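These are the structures, in structure tokens.
In what follows, chain A forms one complex with chain B and a second complex with chain C.
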Partner chain A sequence: MLSILLLSVFGIANLFLGFLKNRQILFVGAILFVLITFGANLVEWGNPLDFGASINKGMMATDKTSVLFTAVLLFTAFLIMPLSQNYIQDKEAQPAEYYAILLFSLVGAVMMVSYESLLMLFVGIEILSISMYVLTGANKRNNRSNEAAMKYFLQGSFATGIFLFGVALLYGSTGGFSLSKIQEYVSSTPNISPMLYLGLMFTLVGMLFKVSIAPFHFWTPDVYDGAPTLFTTFMSTIVKTAGFAALFKLLSSSFGNVYGYWQTGFITLSALTIVVGNLTAVYQQSFKRMMAYSSISHAGYLLLAVTAFNERSSSAILFYSLSYSLATVCAFGVLMLVSAKNHNEEYNSFNGLAKSNPFLALVMTIAMLSLAGIPLTSGFFGKLWIFISAFERGMYWVMVIAALMSAVGLYYYFKVIIAMYLKEPHSKETDTKIEVPTPYIIALLIGTILTVVLGLLPDTIFGLLK
Partner chain B sequence: MTLWLVLIPLIASLIVFFIRNEQAKRIALLFSCLELILGVYLVAQFDPLKKLQFETNFSWIASAGINFHLGIDGIGILPVILTVLLVPFIILSAFETKYEKPNVFYGLILLMQASLVGVFTAQGAFAYYLFWEGALIPVYFLAAIWGGENRIRVTFKFFIYTVFGSLLMLIALVYMYMQTPGSHSDELQAFYALGLSKNTQYIIFIGLFIAFAIKMPVFPFHTWQPDTYTISPTPATMLLSGIMLKMGIYSVIRWLLPVTPTAVWDNSTIVMTLAIIGLIYGAIIAIQQKDIKRLLAYSSFSHVGLMVAGIFAFNHVGLQGAMIQMLAHGINVVGLFFVVDIIQRRTGTRNLADLGGITQSAPVLTVLFAIIMLGSVGLPLTNGFVGEFMLLIGIFKFSYLNFAVMPLAIAISVGVLAGSTLIFGAVYMLRMFQGVMFGEKTLKTAEFKDVTVSEALVLVPLAILVLVMGVAPNIFIKLSEPATKELLDFVISKINK
Partner chain C sequence: MPEIITKIPLEYYIILASILFCIGVIGVLTRKNALIIFMCVELMLNAVNMLFIAFSAYKGDAAGQVFVFFIMAVAAAEVAVGLAIIVMIYRNTRSVDIGQLNKIKY
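Moving on, here comes the complex of A and B:
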């Protein structure tokens, strides 16, 4: 709860900081705000601050899981913020607004991991989504950015409509919005009304859209590709983590008793998502677009953890989203630097990077290895945990598909590594060294070191939810 | 203690990465010698009659009951000896060639050594898998960065191929882990204690066997191998064929036989057929080769076939023969690839047609090359003879015992066909030796210098080892014999159940 309050206050404070001439203060301020919130959130571990029922009215609750997910969200935001440095120099950009919107969107994300009522979930999703619609179009002189924002907004609103429709049906059949009320109805009613099933289906479809599960993923590549890379990073990490945490919370606290109803569909969808995401990513020429499809495939793996639905699931989702976020931030961070110099987001803009910038090449390599799930990186244990929890459910065939598709994943992740280490740069111009600003170095170093450390000692995270 | 065996090369590789000049190779050699000394010390302390020794065991992922457990026993000791013994020679052999970015080059070799030792000593499935993949990444970069023609395509195929296998293995390991009782354990001993049903064993067998078969490689999973061996820089080729290949063989003995005995028993005829096809197929292609490095690649493929056949023969002689042959083949193949490297460096070619008459100007090289070559052919009193002889006895025994289950003609032909490896091996090896060393001098071999001191430092010890192992194989057999016996008895008792 504390983090929501702080983020809202800081968001407004940031808008006012925008009046200052010195944009550097804004930059440092925004990072500091996120860090303070991160610390405040950890304070709530063990002694949650929920203001009692008279104020809270059972709308939100802070528990260990929500604190951990909030920590992942805030930490990811903390890593992304330093990558925004180029907006400080850019005269056209409006950093004060961007930072404020980012902080507000985090409010939505935190709501999505600590809601107790479907209304709060809806509000959280909307806060997050509307912020994202705006940020997607942040680059207002770029047609593709505008197109992406429009696409995202239209399809996103449509999905929200479906979600809200589902919530209405759930309300109609159970008589309440709160998770406990729905749980009570589902577990105690002998003949569950078909309206609940229909409502659940609509609700889930709305949420699956937000986390880009096939066949609701068609917006993802265009939006990710069109949005400024900084906000693509934000979208593919924060939105996904919050979305899956919300999805799992909804299902585990209210719909465990009708597991049989949604299980088959979820297994099929996750297999479909993994296959579609991986196979389409193979054919991409643009690195950024590849990352969009790869994020779809990672959503498939996360959905697998949701479907496994046992005591390991929530730590699997937590660990996977953390390691995925770390690697994604690193990959996009390097992409931003490379594309700023080469004005190109294709694979071949990475050619020869290892010679001119060994540090960036190493960061990218570790990020790619982690995304591909190679041991000694956190991505491996993320995948392993999902495999283990899916095995406990006996979902063998999906596991085989998921594992084979990881081999396909290697193909496109390694294309970058090959370009960096084994190919010659195109021209003299692209061979020059990229100046890496200090905030980038810090963010990328933290991300990379954590990826390796979690790849060696995963229990630091797994142990927390035990 | 075993932990240090992994840590020394690991720390060394990190140090070497930061030494950005030619000194890197000397530091690397120093550390690999330190590792060798520790290895020799451990072997001296090793008691073949005891089980796991020099253990390192601490809780790694407590929430899942996963320990980080290393140790050496009779099965692991020979591959560990092989690894600590060969890496100093591999590093020394690279001294005369100038590699760009030597710090990365030698750092990767040491990183590879750390992972290889880890694979051979890991007693838990997930640590084992970690090292297994950890061995792949350095060798991929070694081959891809410093490799020859077409290196990007060839190494990429190699990488995807082997990782595909590893993922199947991972599924099998996770599956077994989930079968263990209670709060689960990934310990090897816990896997041994599982009484898996026949169907389960079959599923696990398929997953593990494909992974190992790709790594070794066994026919028909070998298509990555000749190209990768040929284009890799020689030290990487040595690592691949000298040590990494043994990861597959070792894993079959350690992780496949005792865990899925019934499935192995039921499929032994199929595997043996594949192994023998590979053995003959590899040998026939080797005879046709003009490029001597490629010839050695196929000969390596052919030798693996024999070792696999020996393991699946289900008797003690065959199994022990495979253990010894692992060591012998590693030593021989490193020596042979080094000779090829020397010849290529001096003449700029590996083509048999362009070579000849080297013996006239390089008598020392001729003698050393001959000893190692004869070891590979399997002449008595060399190391190759001991291993191959034991393997062939094992395979003959297998076909003899299977008279009842399969037609007489097939049973006999299995033994005879496997035995043909000795003849084929002699044909391609002697053909190569003759073509390279004897005959008229060619333009390219006109001025051929004999071995330098640093080259002799590699070849002389290897040649001595070939002879020592050939004359007194008992030194090595004794180290692993009790363990292989116990393992085999365990496997056979499990089948009968």
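Moving on, here comes the complex of A and C:
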């Protein structure tokens, strides 16, 4: 709750900082604002600040789960902010607006992890989505960025319409929006009206659309590919974490009693998503587009954790989204530097990177190993816990598919590593050293070190939710 | 309870809202002009609004009507952003046909 207030104020403050001619202040200010909010959020651990029922009216609640998810969101944002350094020099860019929109979109993300009423879920999703539509089209003279923004906007608002129709039907059958009221209806009514099932279906389709689960994933590759890489990083980490936290919260606090109704569909969808995401990623030539398909496949693993639906699920989702976010931020950070120099985002632009810049190659290698789920990186434990909780639920055949597809994932993640270490650069011109700005070094180092530390001592984070 | 509520059954509203919603969905899926698609999305949202108001009136619960205000406010924000994106596309390509949006391919 405190983080929502702080982020809203800081967003406005950032807009005013934009009046100053010095853009460096903006950059430092935005990072500082996210850090302060991160600290304030941790203060709420154990003593939530909800302002009582008189103001809050059961709209939002801060508990340990929501504090942890908020911490993951804010920490990811803190790692992404330093990567925005090239916007400070760019005369065309408007960094004050970008930072303000990023901070405002975090408000939406925090609302999505701490809502108690479908009204707040809707407002949170929309704050996050509308900010993302704007940021996708931030590069307004670039046709690819325009196209991505248009596709994202049209498909996203279509999904919102479907989601709202579902909420309307849920309201019609249960008579309320709050999660506890829906839960009360679902658990105490002997003959649940078919309208509730229909409404639940529409609501879930709308939400699965936002987290790009197959067959609702068609917007993802185009949008991730066309958007400026900084905002692609933001979309693939923060939107996904918030989306899955919201999905799990909705299902666990309201629809646990009708588990049988949505279980089969979810198992099928997660198997489909894992297969589609991994197999399509194999055929990509562009690294950025491969990351888009890989993010679809990771959404499939996260959906598997939601479907397992036991006491481990929440912490499995938390750990997986944290390790996925760390690795993704590192990978996109390296991509930004490499593509700024070579002006292309394909695999071959990484050729010979290990010789010209061993630090970037090492960061990228650890990120790829973590995404592939190799032991000693955090990605391994993320996958392991999802598999354990799926095993406890007895979802064996989907686990076999998921394990086989992780093996497929090895192929396309290692393509980058092979390009960096074993291939020669094309020409002498690409052989020159890439200069890594200090903020990049700090962000990439933190991300990489955490990926390894969580791979060695996973219980530090995992134990918190027990 | 007002007299009109006793004369018109709730089902009529649900059916009308569903028909409007379906028209919106079909419009989004079949039309090629970005503005028309956008109008169809708005039609979907308004069908939802009507459904909320009908449920709210028949249940005697004001929460549904409050939700409608939120949808209207959010839809207005969405219109502002959406029209800006459409204008941006028009400036670069002189067209609002979504068939032209095929630059991103692998």
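In this section, the second predicted complex is superposed on the first by the 466 of 466 C-alpha atoms of A that agree within 3 Å, B and C clash if a C-alpha of one lies under 4 Å from a C-alpha of the other, contacts with A are read in each partner's own complex, and residues count from 1 in each chain.
Here is the rule we go by: a contact is a pair of C-beta atoms (placed from the backbone, for glycine too) under 8 Å apart; a residue touches a chain by one contact, two chains touch by 3 or more.
Note that this is a predicted model, so its numbers are computed, not measured.
In the superposition on chain A, no contact is made by A:A77 with either chain B or chain C.
For chain A, the partner touching the most residues, choosing from chain B and chain C, is C.
Residue contacts after overlaying the shared chain place A:D459 against chain B, while chain C stays out of touching range. In the superposition on chain A, no contact is made by A:L247 with either chain B or chain C. Of the two partner chains, neither chain B nor chain C is touched by A:V398. Within the superposed three-chain model, A:L376 lies in touch with chain B and out of touch with chain C [touch as defined at top]. Touch criterion met: A:G175 reaches chain C, while chain B stays clear of it. Chain A uses no single residue to touch chain B in one structure and chain C in the other.
Contacts from chain B toward chain A in the complex involve residues 60-64, 126, 129-130, 132-134, 137, 141, 144-145, 151-152, 156, 159-160, 163-164, 167-168, 170-171, 174-175, 177-178.
The residues of chain A lying in touch with chain C in their complex are 119, 122-123, 126, 130, 133-134, 137, 140-141, 143-144, 146-151, 153-154, 157-158, 160-162, 164-165, 167-169, 171-172, 175-177, 221-222, 225-226, 283-286, 289. Residues of chain A touching chain B in their complex: 315, 369, 374-376, 380, 384, 387-388, 391-392, 399-400, 403-404, 406-407, 410-411, 414, 418, 421-423, 457-459, 462-463, 466. Against chain A, in their complex, chain C makes its touches with residues 14, 17, 21, 24-25, 28, 34, 37-38, 41, 44-45, 47-48, 51-52, 55, 59, 61, 63-64, 66-67, 70-71, 74, 77-78, 81-82, 84-86, 88-89, 92-93, 98, 101, 103-104, 106.
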